[in-house]
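Same chain, two partners: chain A is paired with chain B first, then with chain C.
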Partner chain A sequence: MTISYALLTSLNGLAVGLFLMSSFALAATRQMQGCQRFYIAQSICLVTSAFFLGLGLHSSDLLAVAALDAIMKPIVIPLLLRRMVPEAIFRRREIDQVLNIPSSLLIALALTLFAFFLSGYLPRAAGSLGRINVPSGLAGLFIGVYALTVRREAVPQLIAIFCIENGALLCGFSIAPTLPLVAEMAFPFDILIIALVIGILTRMTHERVGTTQVGSFATLREGPGK
Partner chain B sequence: MILFWILGLPLSAALVSALPLGRRVAPLVTLASCVAVLALTVMAALRLVAGEAVTAISNWIAIDGLSALVLLLVGTVGSTAALFSWGYIAREESSRHQRRYYANYNLFVFAMLTVPMLAEPNLVWTGVELTTILSVYLVAFENTNEALEAAWKYSILTIMGGAIALLGFLALYAGSVSPGEEVPYTWHSLIVSAPNVSPGVLETAFALILVGFGAKAGLVPLHTWLPDAHSQAPTPICALLSGIKTTVILYVILRLIPVLDASGKIDVDDWAMVVGLFSAGIAAFLIIQVTDYKRLFAFSTVEHMGVILAAAGIGGAAGHYGAVYQILNHTLTKSFCFFAAGTALLAVDTRQIADVRGLIRTSPAAGAALLFGGIAIAGAPPLAVFLSEFSILRSGISEQHYLATALLAGFVVVAFFGILYHLNRMVFGRPLSVPEGPVPVRLPASCLLTLVIAAAPIIILGFYMPEPLHQLLQLAAGGLSR
Partner chain C sequence: MARSIGFNLLQVLFVVALAPLVSGVLSRLKEIVQSRRGPSILQPYRDLRKLFNKDEVVSEYTSWIFRFTPYVVFAAPIFVTTLIPVLTSYPLFFAFMGDMLGGGFVLALGGFFATLAAVDTANPYGPMGASRTRMVGFLAEPVFMIVFFTVSFVAGSTIPYIVQQHWVTPLANFLAPSHVLLIAAFIMLILAEAGRIPVDNPTGHFELAMIDESKNLEYSGTGMALMKWASQMKLLVLMCILLNVLVTPWGLASGRSVAEVMLAAPLVLFKIGMFLLVLVVIESSLAKLRLFRVSEFLGAAFVASVVAMISGLLSF
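Up next, the complex of A and B:
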């Protein structure tokens, strides 16, 4: 059975659309567990898009990367985070954030429009099949940077980092689908090491400082009061 | 084969250091590995100067003049910092913590060695990410509130920068390699294919990499994590971070200059000059208002990154030579400065400038080292940094970049007076009256030995440049031209 190119393009569009929606949800949610769930949803959309692009472009490398990402991003990394970060942190319902939800959604919308404008300057080697990946990936990246800036908790900041990386990869699958396999394989492992190291740092911070509200860290400043 | 050894030694040392084999094993193995790596990097550089190709896997692991210089500097600072660590980290009571420190130290050195050795740009990105990730634990090693805060800011900002740069690398690849094309993808092939790549793609990729890796190299305005991390980490790690890690990241940005130059449609020199001058200028003025002497040297690193980038932007053979000469001198001198600052910290147990006066009387070794480091890094004649900064200014005039040269000279002078103003008060001021008098501290012999070893090249290079090193610098400068 062969799947038509048009159908693959539509299915990829659906996956990318859901990716973008989960990015918005990540920026808007105020709950720690919600943050993690939306990251998992976003990662599943990323993997699905990589799978459809791999099928459409007959790229076994991309399919291999999709398989590896399917294990790493929605399964291994969330499990690792739950293991590394104390359970009490995950039970928190309200996450401190500099701006409220409506403002965050408006900013996310503005960032998405900017991403669509900027995407015109990037190449699209995947052709019409992955056309939507570039602006949506860029939007995911920008929304991740925004979430990182306004979140004041360690775990949501870490998840924002993963969101940035997911955006870059969604964009990257369309920009450079023929990347050497060794380079493609390096990215999921890089994320795994990041999750491990920052997870340890979060645990150390919680044990030492008694909080993971990293937004309130302000001892390292210049000035006479120091 | 030599390149495999250079990569294999720190990895093996990391493994051995992690094993519970006694308190002295980890520092000894680390030092031995770093010295062996240094010897091997010298051999690799000499082979390159003699005209031999130094390649491990063609198109994947190979070095040229610029990467050989960076490799040599990683080996040098890796060795001196390992020696300094011997006495400095021995204060740590827990042998488990010590082993973790040395295992991470070796992994960090390994990551820094991969960056100049890898010829495939996408893998270079992975190497750069490893340098960040593997140094986070080292920044947080002291496990104080301040160290954890610094490590958090460092990791979050620089990992974010890495993700942004990743997009730039992918765009660069997509613009240079046609789908289905089976060609090697290296720094060199990028230069060859650049004229056929859309200037928009090249500019976008460069902008993303400049922003992303600029955050890692401490370029203004993404430098905010740098003074925190470079002041809170243990001293040998500060020397590695400020002396060589920032240089390793800047090396990647510099690699892109000939690529954009080769396209013939982008004025990348102006980009480099503006970003470089901005960093140097802001950092020079920030130096004046610091209250912590380790942060003073950290801001000086931001200034030097700016100076190197501006020198690369000045362009021409002289400008490029000035840039690589400054890389050499910055690395050697900045690592010495942090060793001096660490020795002072051991002697006075405070980082606050206002709390240290008359250091030359209370701890002559620490005071003399701090003074020498300050004079050297500020760019006083006839020491090494003075010569490289002078050569950059001279190249600016010969390339007719008068305004940029004047601004750069102004920033260098501001930084010079800023550094010496603070250090002068610390070293020569009247000692603060402490009722029980200053407590004499016995400085570890390895720290004092490191100061002597690290000072030697700074003095020697002020008077004499060995011919092979001069040839290596010329080869490295050639790497910045298309």
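Up next, the complex of A and C:
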């Protein structure tokens, strides 16, 4: 390998910067399709960052995690979601949201600043190479929590959970780059099961109630769904 | 020194003479992408010649502002051209007269007079478009500020000639996240400021939907020609700032001989041509946003610039 350390730092920084942008887009987009596409973009950035960190730190565990995530997150999970969740939900163009888009963007921005402030107190094992991963991962985590709170539709909320997980992972690469592969492998399978369970739940809800808009679930419904 | 002044004037000449060509190429490329033939790339020159030969009609209810505005609007991009690197990579005679912030103020002065003139006419559509232009301008302002701040913080200077050297030495700087996100934010800013498609439709003739075009509704003859030419120059100046300062500072003349500076012209034109292709792809694949969605578009630009700023602060 003849790639210089500075170049790797830049490339990793670029992947992380794009990760952060796609987190913002994920929290601010109006469309279901867009939400899923931004999740895919975010995951690709995550995998790229893991790959560069693995190269720079000579960590075969990280490279293996990158390979596993590259299959799982941008490909398997979206496919699974498309199969599990009824097509009618994906065809809806506008997702309800408690707050409008510009204020969402500003809140997400404030959360990012907070994450950058907070990251000063966290350990950094990856040195200057993965320095940017910690605050950006934290920001991804916070933005995911925010999106989870304000979205009023089941599938974007599920994607927000994935965003939280992606953020935690991006942060984790940098804090513990030499975590054994067994522990790292738990994550992708974990979210696979989350996707499966919530997907089935969404499908059931959609069949019984006819909608998955969380905001309209304020009242109890008696008797059989039909 | 005389040579330095000469090169500076040559840069101005480059922008003034080739701005109509650039917008002609842009509209032709757009037509080709949409499977149409479109007018010749020299059409903007013919339009300008026709307009200069026509009589000018000025409403008797307008004041001196209306007559004065085309000249201010026309002079603003010319003035900015003396401050930015168009053909040479080293600072020229007038380069230290003002920094990027100064250039931004001069362009804003042109916009301010255009707004005044639109209000001056008492045509109902002029003030409406002018207030929309202001709205886009206000939303773009914070992005401009953050971009300038980040660029000058990272490069340690606000003079565009010095800033451009920073991104390519060493080359790893070029791929830094702050640089790439700044470019993204600045492209969105150019689309908004020059009235290109996700924000405004430059070829639209429907007064109610106009944003940027409405400012020359009442102009005719020479005034119209100057306003048109000025907006073409503004687009070219913004593209020069993007390409020569932020994205690709290659291809500029680094020597002081006349031949080298002349050689830089086709190279810069080539870069602009490449960027026009990007612009055509953006304009052909997006639809014009509804007016109140413009704030979301510029909000995204703002987020990109702030993320660029904090990642820049972290790594330098």
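What to note about this one:
The criterion applied here is as follows: the second predicted complex is superposed on the first by the 217 of 226 C-alpha atoms of A that agree within 3 Å, B and C clash if a C-alpha of one lies under 4 Å from a C-alpha of the other, contacts with A are read in each partner's own complex, and residues count from 1 in each chain.
The rule we apply is simple: a residue touches a chain if its C-beta (ideal position, glycine included) is under 8 Å from a C-beta of that chain, and two chains touch if they have at least 3 such contacts.
Note that the structure is a prediction, hence the values are computed from the model and not measured.
Taken together through their common chain A, the two structures put chain B and chain C side by side without a clash.
With both structures placed on the common chain, the touch criterion links A:L113 to chain C but leaves chain B unconnected. In the superposed model, A:P180 lies in contact with chain B only, and not with chain C.
Within the superposed three-chain model, A:Q157 lies in touch with chain B and out of touch with chain C [touch as defined at top].
Of the two partner chains, chain B is the only one touched by A:L201; chain C is not.
By the touch criterion defined above, A:S10 lies against chain C but remains apart from chain B after alignment on the C-alpha atoms of chain A. With the two structures overlaid on their shared chain A, chain B and chain C come no closer than 20 Å at the level of C-alpha atoms. Shared interface residues of chain A (contacting chain B in one complex, chain C in the other): none. Within the complex formed with chain A, the residues of chain C that make contact are 170-178, 180-181, 184, 295-296, 299-300, 302-304, 306-308, 310-311, 314-315. Note for the complex: chain A touches chain B at residues 118, 121-125, 138, 141, 144-145, 148, 154, 157-158, 161, 164-165, 167-169, 171-172, 175-180, 182-183, 186-187, 190, 193-194, 197-198, 200-201, 204-205, 208-209, 214, 217, 219-220, 222-224, 226. The residues of chain A lying in touch with chain C in their complex are 4, 6-7, 9-11, 13-14, 16-18, 20-21, 24-25, 28, 101-102, 105-106, 108-109, 112-113, 116, 131-132, 135-136. Residue ranges on chain B touching chain A, taken from their complex, read 120, 122-123, 126, 129-130, 133-134, 136-137, 140, 143-146, 148-153, 155-156, 159-160, 163-164, 166-167, 170-171, 173-175, 177, 179-180, 185, 198, 200-201, 203-204, 227-228, 231-232, 286, 289-292, 295, 352.
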